[in-house]
Amino acid sequence: MDGPNPDFDRAVRAAVLTMPAARHLGFDITLLEPGLAEITQPHREELTQHDGFLQGGVLGSLADFAAGSAAATLLPVGWVTMTIDFTVKILAPARGSVVARGRVVKPGRTTTVAAADVVAVDGADEAFCATALVTLRNLKVG
Amino acid sequence: MDGPNPDFDRAVRAAVLTMPAARHLGFDITLLEPGLAEITQPHREELTQHDGFLQGGVLGSLADFAAGSAAATLLPVGWVTMTIDFTVKILAPARGSVVARGRVVKPGRTTTVAAADVVAVDGADEAFCATALVTLRNLKVG
Amino acid sequence: MDGPNPDFDRAVRAAVLTMPAARHLGFDITLLEPGLAEITQPHREELTQHDGFLQGGVLGSLADFAAGSAAATLLPVGWVTMTIDFTVKILAPARGSVVARGRVVKPGRTTTVAAADVVAVDGADEAFCATALVTLRNLKVG
Amino acid sequence: MDGPNPDFDRAVRAAVLTMPAARHLGFDITLLEPGLAEITQPHREELTQHDGFLQGGVLGSLADFAAGSAAATLLPVGWVTMTIDFTVKILAPARGSVVARGRVVKPGRTTTVAAADVVAVDGADEAFCATALVTLRNLKVG
């Protein structure tokens, strides 16, 4: 996959990481390639439910951000994505820091379908904790 | 619908509102009846994307909390719900404070299916901005 | 809700009931109003899994047809809907004839979001057996 | 992945292919490995919408059957799967014969999460036309 914006890395970081809701979670974008994105969320106690596990809605938000960032890598300059639908399956409790990996499943002119997997990371071990499918609308804003 | 715990109001509030992730969003539970829950999220700039609209993952989290709270009203003492799946359709941009209304679609012994609608509230006007279906596992913890 | 095609009843029946896949299931459209559709599927042994219960994919197809028919009632002349996403929750085994009731959740110019509930009918009794959310693209074909 | 039933191939074929709803579609199981299943649906005019494309509900049913068959490969003797939730994204129109490939995402004692991709096959070419996530309950029947 290859998108029309060679400067996608800068564009996606600028669009995502300046969002107040992204800063409120506190993740970083740790990989961007055409059609792919990885975000890393350090452990923060304020994102947990009880007993230190990440709350399900937080896992869903991270999956949505990873899928949306992956989708955005393939867009022309001045376009953004807007989620219209996301489905998240919680597979296991997530403790500690997590990584959400998004990938474009099907690019399109007006709509993009993407997926994301979320893993909890403990040293070299990864525990698979959520998977998601996301449909996004591509919007010209610039 | 009627659950086996006459003290469900206190139990659900205690389980939900003490969660760090719930306090991080900052909503309140504004209605609880058997099979129903309403949560009210005041406007907070840190939950928005750009231009003041609530970020999609936040809408999903609120829908999930409302659906889970509704499901929890029907559980026996010492049981909690855990989301295993949620699907959210974003219907319109949401600005200002929002209300998420959860309702049990199908109660069950081991699994509950619930739904939630999210509206943005501006005085007496409500704008329908998201709808969700949620599957939850019922877990005995007490 | 009110659509721009006063002749929607004839248009939706013509679009849906002439589909080979609709005839293969063998349902009828038993109600159409702006934003609403009901389809009735008589019991047929060839749609069951084992023990006479309707197979889950069949319940999903009926929900999709009901949601799509409801969406189509609000379209202009010469437009059709095309499902881009559907989520189905199977709530209980369905035996005998079933009725799928679709309703538009959010109409739109390019996209419609609809829902459907499926009940198994036994005389005056109805058993709620599936619920679905469906996103459809509105397409001009005429 | 490896399941507790060494005779899974025979068991899954017997459970799936004897279903009236499976015979009504007319597909065959063309691969079964632990955690994986592939079903092949030859073109049949009665499964199409208009213009010869497969109807969306049919794509959903094939994805559900593929995911369920993959899940069933990991079950003990005398257990079956029952779909409780499926989400299907239709990615492109499907013409001709299609192959649905299911894989287990997360096995579990009481619940399995699986995924499926559906491709339309034209000689050596494959066109990706649908992707699905499916949650299944594992049930002891034998």
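As written, the chain order gives the labels A, B, C and D, with residue 1 at the start of each chain.
Simple rule for what comes next: a residue touches a chain if its C-beta (ideal position, glycine included) is under 8 Å from a C-beta of that chain, and two chains touch if they have at least 3 such contacts.
No experiment lies behind these values; they were computed from the predicted model shown.
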Which of B-D and A-B has more C-beta pairs touching across its chains: A-B
Remotest chain, chain C as reference, centres from CA atoms: A
Gap in Å, rounded to a whole number, between the CA centres of chain D and chain A: 28
Geometric centre distance via CA averages, chain B-chain A, whole Å: 22
Separation of mean Cα positions, chain D and chain B [Å, integer]: 33
Per-residue multi-chain contacts in chain C, two or more chains: 84-85, 87, 89, 135
Complex contacts: residues of chain C adjacent to chain B: 87, 89, 91-92, 105-106, 113, 115, 128, 131, 133, 135
Chain C residues within the chain A interface of the complex: 84-85, 87, 110-111, 135, 137
Contacting residues of chain C [partner chain D, same complex]: 18-24, 45-50, 54-58, 60-62, 64-65, 82-90
